[in-house]
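Dumping the structure here so I can ask a few things about it.
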Amino acid sequence: MKYNYGTAICAAFEYILETYPEAFILGQGLWSPWYVGNSMTDLDKKFGTHRVIDTPVSELACTGAGVGAALAGMKPIVVHPRMDFMLYAMDAIVNQAAKWSHMVGGQAHPGVTIRAIINRGGEQGAQHSQALHAWFAHVPGLRVVMPATVADARDLLIASVVSRDPVMYIDDRWLYDLEDDLAPVEELDLAVQGPRCLREGRDLSLVAAGYSVRLALDAADRLSDKGISAEVIDLRVLNPFAPEAVVESVRKTGHLLAIDGGWRTCGIAGEVMASVAERGVSARMGRIALPDAPAPSSRVLEKAYYPTVDTIVATASRLLS
Amino acid sequence: MKYNYGTAICAAFEYILETYPEAFILGQGLWSPWYVGNSMTDLDKKFGTHRVIDTPVSELACTGAGVGAALAGMKPIVVHPRMDFMLYAMDAIVNQAAKWSHMVGGQAHPGVTIRAIINRGGEQGAQHSQALHAWFAHVPGLRVVMPATVADARDLLIASVVSRDPVMYIDDRWLYDLEDDLAPVEELDLAVQGPRCLREGRDLSLVAAGYSVRLALDAADRLSDKGISAEVIDLRVLNPFAPEAVVESVRKTGHLLAIDGGWRTCGIAGEVMASVAERGVSARMGRIALPDAPAPSSRVLEKAYYPTVDTIVATASRLLS
Amino acid sequence: MGGLADPSRFHQPIDIAGQDPAVLQGQLRAILAIRMAEQHLADMRRNGLIGGPVHLGVGQEAVAVGVSANLRASDRVFGAHRSHSHVLALGASLHGLFAEVLGKDTGLSRGMGGSMHLWDGPRGFYGSVPIVSGTVPLAVGAGLAAKLSGTDDVAVSYLGDGAVEEGAVHESMNLARVLQAPVLFVVENNFFASHMHIRLRQPLEYTARFASAHDMPCEVVDGNDVVAVNKAASRLVDHIRSGRGPAFLEAITFRWYGHVDWREDIDVGVNRSTEDLSNWRARDPLSRLTVAMEAAGCWSAGQHADLVEAIRKDVVDAWEKAMNDPYPQPAALLDRVYAR
Amino acid sequence: MGGLADPSRFHQPIDIAGQDPAVLQGQLRAILAIRMAEQHLADMRRNGLIGGPVHLGVGQEAVAVGVSANLRASDRVFGAHRSHSHVLALGASLHGLFAEVLGKDTGLSRGMGGSMHLWDGPRGFYGSVPIVSGTVPLAVGAGLAAKLSGTDDVAVSYLGDGAVEEGAVHESMNLARVLQAPVLFVVENNFFASHMHIRLRQPLEYTARFASAHDMPCEVVDGNDVVAVNKAASRLVDHIRSGRGPAFLEAITFRWYGHVDWREDIDVGVNRSTEDLSNWRARDPLSRLTVAMEAAGCWSAGQHADLVEAIRKDVVDAWEKAMNDPYPQPAALLDRVYAR
């Protein structure tokens, strides 16, 4: 059946709410069609406002409540319509959810899913634009997923909710119109998911996560016109980080370009490079990330701020020359 | 005069409070000798409780108040006796302080200093142990310093307070007993501070920040007994990150071992490696960081958790063999 | 609370007895200017000339105008996502606001912020940003700074009824109270946080209960009555300036437009009660003031027409100028991250 | 509040009229066991056998015992850094607690947490951690889970007067109230957050004002009176179990030891009022209960001596066993991060 990235997320929610009576959703904007795009349409009507709960403006309490409900055996999904708002909820995520299992000797697991939406552009500026996936990749105890395909948008969300661990599920509004056919749902075990090659190539490995994967795929098309054969690796799972597939690819191509829609320093692009470097794979490496600045709002500066296919093509060509 | 790391911090506070009437300190435990070790002894008595303010248990409001006071022309220092508590204050730090100048067109600068203490070990466990410097290095708009020497403990604190930008000053309780002589204060311009070579060597570059620098220096001693000449680079300033000194060193030695007391994935050690790799310096690289787990509390596990001089010596020897 | 939450009440002209006509005229001018500026922004957003979101406060203008009557340039005012009225009431230039909304280099924030990030330091507007409650702790710090510097300046923190649900607000109120920081917390209670009515978010409709919990003086007023707002703010600002600590003003009001942009009937996609809306339109801070002034003989239909025309011209001129202004240079992206 | 904050009052035996003697004896036993266990921990910390910090609640035992009288194993209790009493009052094993404090594999949290991270799921103790107010939102979620699952189980959130200064608590109270989640917030108001008296941190000495602000029923009781705590908790838990939403209990009490470890006279380095301390020692929840029971003829000096001896033996046995238990295997470091 035809889905787009947004409706695929919605399909995942429907599957979850239908299949698991202990699943419920808690977050801001769940009763408004505006906050979360087409990714949660009418869930409140289909499953009731007691299972699809729109909340006060209280990110910390809502996230913590998700953690606590998970400890009580539920499968809660906490939705943050923008990742920026989650800065208020860091204690619940990092001090509580991520550490709980370890702190209590593996006897209880807060299997909460935290859905963080990257929602940037549109002249909204610095506080409505952030992509902080590198932060969560840094914290042991969290699983972090970033779907780049329509199938992953659905299947990794289901896998996140089914997982007994706390999961940060990060989707990107810039992907919502991406279309694809989907097979019937099969539940995946998140613990065995990891980076995946989406396009094979010989000369260069483009490695990315989330929306940056789309840029990489488009860039690979353009590079092939120039006679460069680029392989594209979709990271998918950022934590626990399993770089083997990337390392294999770079071993083959001898060139790595890591592309990230987050900031550079201590970001995921750097992590990809370090993981290759420490394994003794000799390769030429480059990375593309955001400039070292908060997101601007003015449209002219927004254009300069976000990486594009052009940037990738140009950087890749330079790397190979 | 003889100082240790803790009294050097105290000397910086005295200098600041004496020199700048607009300076004041706000934080938890400032009227107790226990929270902040010997680093703030009797400041409240010398300068008054109106300038050395012990606060309610409200990390977010206190940090935000520091940001607001800075916008009003003060030089506030907000003290968090453990970095873990700061998880509550992320909005004030990341959404507000780091972005303010940019958001308002460079017309106002929240020159607040946020002092975050790394305070781990002692069987205190996962929520009383974190070293999240990589997070702050990731965020444009913050300056991040991590003093590893007695002189830097004092001088980088003064430089942080004098800076017009928001600065995260990160000190480590494990360093407080380190002793050294200090020259009279000269104010440094933080914007031109950066990594520094503390010990020259030919065979290997050990790169670290904060307490890990001490481990690196001790390891360098031990390595020299084995006939290995290790250079030690103290990063000092993690954001904006200026890797040139590191790159020069690795170009010379051909071997890089990055050592970090924080977590591995998207950490500062990986950033160091990536910065070298993307400059086309071919070198053998390795890193040492925390295991992918929250801090344990049991003493036997604590021993296994934190990197030691032994780990460094062993890893370095392997890297060179 | 005297039924202030009931939209069918308080439609009559406001009580202006004893008010200086010149002052009233100034307030009328300010309310009207804000109203017309925001209606222009609504139009320009609808027709696509504005690229970013605009959160309009049409219907709420009397709050900022009444509060600002008690402020001076050395005070420190913080707002949030819906702050056009807050900055204009302090005397900010229309052109500066419009240019900012358009992302131009001549804007209040030099084009770096847009509608949701406004700054006018020289007039005491320390800044507004869209993270709900993000500036509330900052206002406490700016107030504390005034106290530490030995001045009697005050800080003002504008926030919404939704913001009250953020823990930051409660920490800030306690901190301000314990430090006796000179801060006026002004809650513009318009009963909505985007699509959610306060009854869905809080157990009670008024937020002033938190003022008593935090042991600070408070007043609850008809936010659509500029005289009432002004009087209450005056009492509270006096209290604050005299060194007796923070205070709390709850102004009951309503926004005519939805949460964001130009639509009136929907709130980020959710239908609003048209009956409530039309009732609230009848509790108009502008017409209730105008009618009262006309009845008192200190305003006339002719004066009003002239004023509308003058402001219309200001608005059009400011807009034209802003439209023709340059965007920030590319270097602005990196040059404004740190002080230089 | 009837002068509950005045330490020179409420020294008389508590009122046990109408209480079942067997129940009282059970409560006396629980209070005494917690007291002796914690005093033992104080000694072992002083003599260096305990490596990590212990936050002792000696003097506060009646709160957890009185509250727990109204709980069952399917309820969900969360604590914080000072939670020995909370978990023991639910019936947790002394040995499990001691082993945990020593970081042993047989501890309540399998040695991964120490004194500040306790867990006893089978008894309804969902966990305690030292980040102040960190578990309060979790309790709301665990309560909400009970409601969504259609049970009448309740969640209990123990917190301190200091925790009330964290925004998380206010968000949690509002969220619980709006969702009508079955949560009992229990503030153990011992007037101190580490070295800071509540007068230095808040404008007023009682925290129940926040219950009314958040529109939930509340009671303020002498936390050193197990019967009073039990009765108040019983009324509030009934309210909650019957589906009428959260409630708030403020128990006024005092800790005899300083903030952390074994010293009585100092609070993380700051001298405490010895007069207050001796007054609070006289408001002892244990002796006030014992004397009342002896006067009522349902307890005797002989019974007491036997009980003390029996508990002393339990304590010593549990400690010996814990001391000889193994530490976690090295693999525990990585094996317990994720579920397997």
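Each chain carries a letter (A, B, C and D) given by its place in the written order, and its residues are counted from 1.
Everything that follows uses one rule, which is that contacts are C-beta pairs under 8 Å (C-beta built on N, C-alpha and C of every residue); 3 or more make two chains touch, one makes a residue touch a chain.
Here the structure is a predicted model, which is why all the values come from computation and not from measurement.
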Of A-C and A-D, pair with higher C-beta contact tally: A-D
CA centroid of chain B to CA centroid of chain C, Å: 41
Centre-of-Cα separation between chain C and chain A, whole angstrom: 37
Length of the line joining the C-alpha centres of chain C and chain D, rounded to whole Å: 46
Contacts with 2+ other chains: residues of chain C: 111-113, 117, 129, 131, 134, 165-168, 171, 174, 178, 200-202, 328, 332, 336-337
Chain B residues counted as touching two or more neighbouring chains: 55-56, 58, 60-61, 84, 87-88, 91, 95, 102-103, 125-127, 140-141, 240, 291-294, 296
Chain-level touch network, classified as line, ring, star, complete or other: complete
Footprint of chain D on chain A - complex, ascending: 22, 24, 50-51, 53, 55-56, 58, 60-74, 76, 91-92, 95-96, 100-109, 111, 140-141, 143, 163-165, 191, 240
Complex contact set, residues of chain D against chain C: 165-171, 174, 177-178, 200-204, 209-210, 212-216
Touching residues (chain side chain D, partner chain A) in the complex: 76, 78, 107, 109-113, 117, 119, 121, 126-127, 129, 131, 134-146, 148-149, 155, 167-168, 171-172, 174-175, 178-179, 181, 328, 332, 335-340
Chain C-facing residues of chain A, complex: 29, 31-35, 54-61, 84-85, 87-88, 122-128, 291-294, 296-301, 304-305
Touching residues on chain C, where the partner in the complex is chain A: 51-53, 103-104, 111-114, 116-117, 129-134, 162-163, 165-168, 193-196, 200-202, 267-270, 327-328, 330, 332-334, 336-337
